[in-house]
Amino acid sequence: MLLENLREEVLDANLELVRRGLVLYTFGNVSGISRKDGLIAIKPSGVPYESMKADDIVIADLDGRVVEGKLRPSSDLPTHVELYKRFPKAGGVAHTHSEFATAWAQARRPIPCFGTTHADYFHGPVPVTPDMTPAEIGSEYEKNTGLVICRLFDKLNTEEIQAVLVAGHAPFCWGKSASDASHNAVILESVARMAYYTVGIANDAAPISRELHDKHYLRKHGQNAYYGQVQSK
Amino acid sequence: MLLENLREEVLDANLELVRRGLVLYTFGNVSGISRKDGLIAIKPSGVPYESMKADDIVIADLDGRVVEGKLRPSSDLPTHVELYKRFPKAGGVAHTHSEFATAWAQARRPIPCFGTTHADYFHGPVPVTPDMTPAEIGSEYEKNTGLVICRLFDKLNTEEIQAVLVAGHAPFCWGKSASDASHNAVILESVARMAYYTVGIANDAAPISRELHDKHYLRKHGQNAYYGQVQSK
Amino acid sequence: MLLENLREEVLDANLELVRRGLVLYTFGNVSGISRKDGLIAIKPSGVPYESMKADDIVIADLDGRVVEGKLRPSSDLPTHVELYKRFPKAGGVAHTHSEFATAWAQARRPIPCFGTTHADYFHGPVPVTPDMTPAEIGSEYEKNTGLVICRLFDKLNTEEIQAVLVAGHAPFCWGKSASDASHNAVILESVARMAYYTVGIANDAAPISRELHDKHYLRKHGQNAYYGQVQSK
Amino acid sequence: MLLENLREEVLDANLELVRRGLVLYTFGNVSGISRKDGLIAIKPSGVPYESMKADDIVIADLDGRVVEGKLRPSSDLPTHVELYKRFPKAGGVAHTHSEFATAWAQARRPIPCFGTTHADYFHGPVPVTPDMTPAEIGSEYEKNTGLVICRLFDKLNTEEIQAVLVAGHAPFCWGKSASDASHNAVILESVARMAYYTVGIANDAAPISRELHDKHYLRKHGQNAYYGQVQSK
């Protein structure tokens, strides 16, 4: 069986969404990539999480073709493929319909950085894509979803903002690995929830200052980070 | 005992409402129908879910008369009966007071299709009935609740929109089977919750485009569906 | 030990608040009364629910004096006493700081009857007391809390509306027994939550009609009730 | 090993945040102080709660230098140090990003005392700091966070209001001990949640009267307290 370790990590990253309450029934999908092999491991489509096993995970190539697996891959695979092609540091992609992040996507509003929880993880607002056109929806819809995200990130740093809201749809997150992408999806949901409550208290709430945003982001990321235990960098 | 398999399915479909947090105490009721026998299996009225067994499920005919069962059927049975008579493809009906769907019913507002989660399941807004008249309330209230729903669906497709909000009351859902009806009730609650959050973020939020709505609905339903694993159609 | 059965019921009615998520730490208190003995059984003050036992329940008379019990009674005992004295059919009283009912009390707004869930249990809006005066707060505060509630109910039916919001404080509920009072507290919280969501969707939402309100209340209460299984009345 | 009992208490006070749902992943940190030894015991930085043990707790002095411990202390240690230096009765400090308290901090609004739950614990509104300046953020940020809090409390009673919202960040709480600080963090979150719902119902909701506020605060605190069981004072 190809890529056993990656399958196990991808399985666990999918189950993390269940453990954190981000998915209902078979909603959501997480993938991971082996850059060396040019192969993606992704959740199968419409299979219950309760019974999912590592060998249900589907292996596909960067053209979205299934290389190994008896089940169909997630129908969102073409979106994952585009992100992997365009974001060279992405090792994992996570897609959920988690309720607060999805509400911001449905409201077509970027999530402003209202506080340091957001700043600890995302170095800027979480952006929202423009609406997809009828032509983009009509043909190769899932691939075009990926392309719309990629175009939005032409001017954004894909390592410092690892989340996006697809307008009228839901979030996609990514990260160094499948588990990192899942982790970002969980954090995004909490950030989205607190941003929702914030505008409920003060609908003119302002984002935090650039200095505070940078301070928190950089105390956790990059060469001068000092949060957590000492790690090899 | 009549219809043992149907009783078991109806019992499990009722318990699914408990597992998903949609019911409080003895609230809610799910039924299923055997079209061949012209018989409905429905939850008994006011019995705790914890101790409910398959032989507590009541069997009634399409006139709402109990055919087998030592307990009284749900007092909403006459509503279920009308839906079965008018919606020939309905194999199950689920009624809950789940909190967000009920809030939309209490606000007497249809749930707009704000995103693809909604579009994946319901091919249009989830409609709300007009208020019932004093005459409709005064006599045969539960039957009239069914008739009010049916009149509303004269111009709607009962297979593509399998949920309704009864004004000032709560939702009714249906589906191919009892478990499908329950599943739709769970999805409706999540859709209602996200719609609530959406209007909290942007009270002028607009529905998604017809193209996106169709795309998501049709990738999961009908002969060109490609979501999930290959199934016999 | 006096009134063992009542102690057990009162213990269980207090624990029901825990099971339903209505209390935090030692918040809340439920009591029951033996009208025959003129004695009240009530939760002790500030004792953790996890370790509470039937013999921790305190027995007091209708002057609020402890008759049996090694612990202090809930500091709200004088409020319970006034309700028992004024509401002759009340067999139990439950007080919580459950979050949505408390929010309505803090907003000093009665809970309108927005739907049939409310109508199934409360035959009218859930009223809110006027603010207590400095004199009422300054001396015999807990007793005066009860008197303020009683005055409010001079023109209300204490059997048909078994809940009140004390302004700037929280709800008190009552019922035929301690467990019935607890049950009403749980229902009130759900009704308060749905009413909150309702005004969030439509801040001009209107109550349901008098006919629908009566219909639902009376199909569950009184001599023509037909909800649930046949019971001795 | 230094201060074994304190380590155990601090560990348990940290785990209380997990049990009450106040923390996500490694968020949050609680410390306790031995005034006699001039030593602080604090959660290590970025360590999962699931595997945390008493000997992972880090011991530091009042200059913030680690005295014992193989792990790095929480990066917020300098904030805790300032609070201990300035608030002589504080025996413990708890910092969380609990969602509702954080939302008020992000909205930069003090939490008004809308009800008696608040009044039972905090003798005044829960204040919010001014925004930190670029200079305060640029150097010794965590220490300056503490100093900003201390300046705000120049005119407030640090024993009667044991919580603060740091603007654009999150709450800090304190108390007689580590477990008391944790307890206050749990209460604050509930108070913040109910205040959020209150303004959702009536955005012009007014605080309770000074008399009611004092009454509830003083029936639980100080020499005339009568809530709970008799304790040595």
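A, B, C and D label the chains in the order they appear, each numbered from 1.
The working rule: contacts are C-beta pairs under 8 Å (C-beta built on N, C-alpha and C of every residue); 3 or more make two chains touch, one makes a residue touch a chain.
Computed from a predicted model, the values in this text were never measured in an experiment.
A rotation of 90 degrees, rounded to a multiple of 5, brings the CA atoms of chain C into register with those of chain D.
Averaged C-alpha coordinates put the centre of chain B at 33 Å from the centre of chain C. Rounded to a whole number, the gap between the C-alpha centres of chain A and chain C is 46 angstrom. Annotation for chain B: residues touching 2 or more other chains are 200.
Viewed as a contact network, the protein chains form a single closed ring in which every chain touches exactly two others. Residue ranges on chain A touching chain D, taken from their complex, read 114-117, 183, 186-187, 190, 193-195, 197-198, 200-202, 205-206, 208-209, 211-212, 215, 219, 226-230. Within the complex, the chain C residues that touch chain D are 24-27, 44-47, 71-72, 75, 97, 99-100, 102-109, 131-132, 134, 137-138, 141, 168-170, 196, 199-200.
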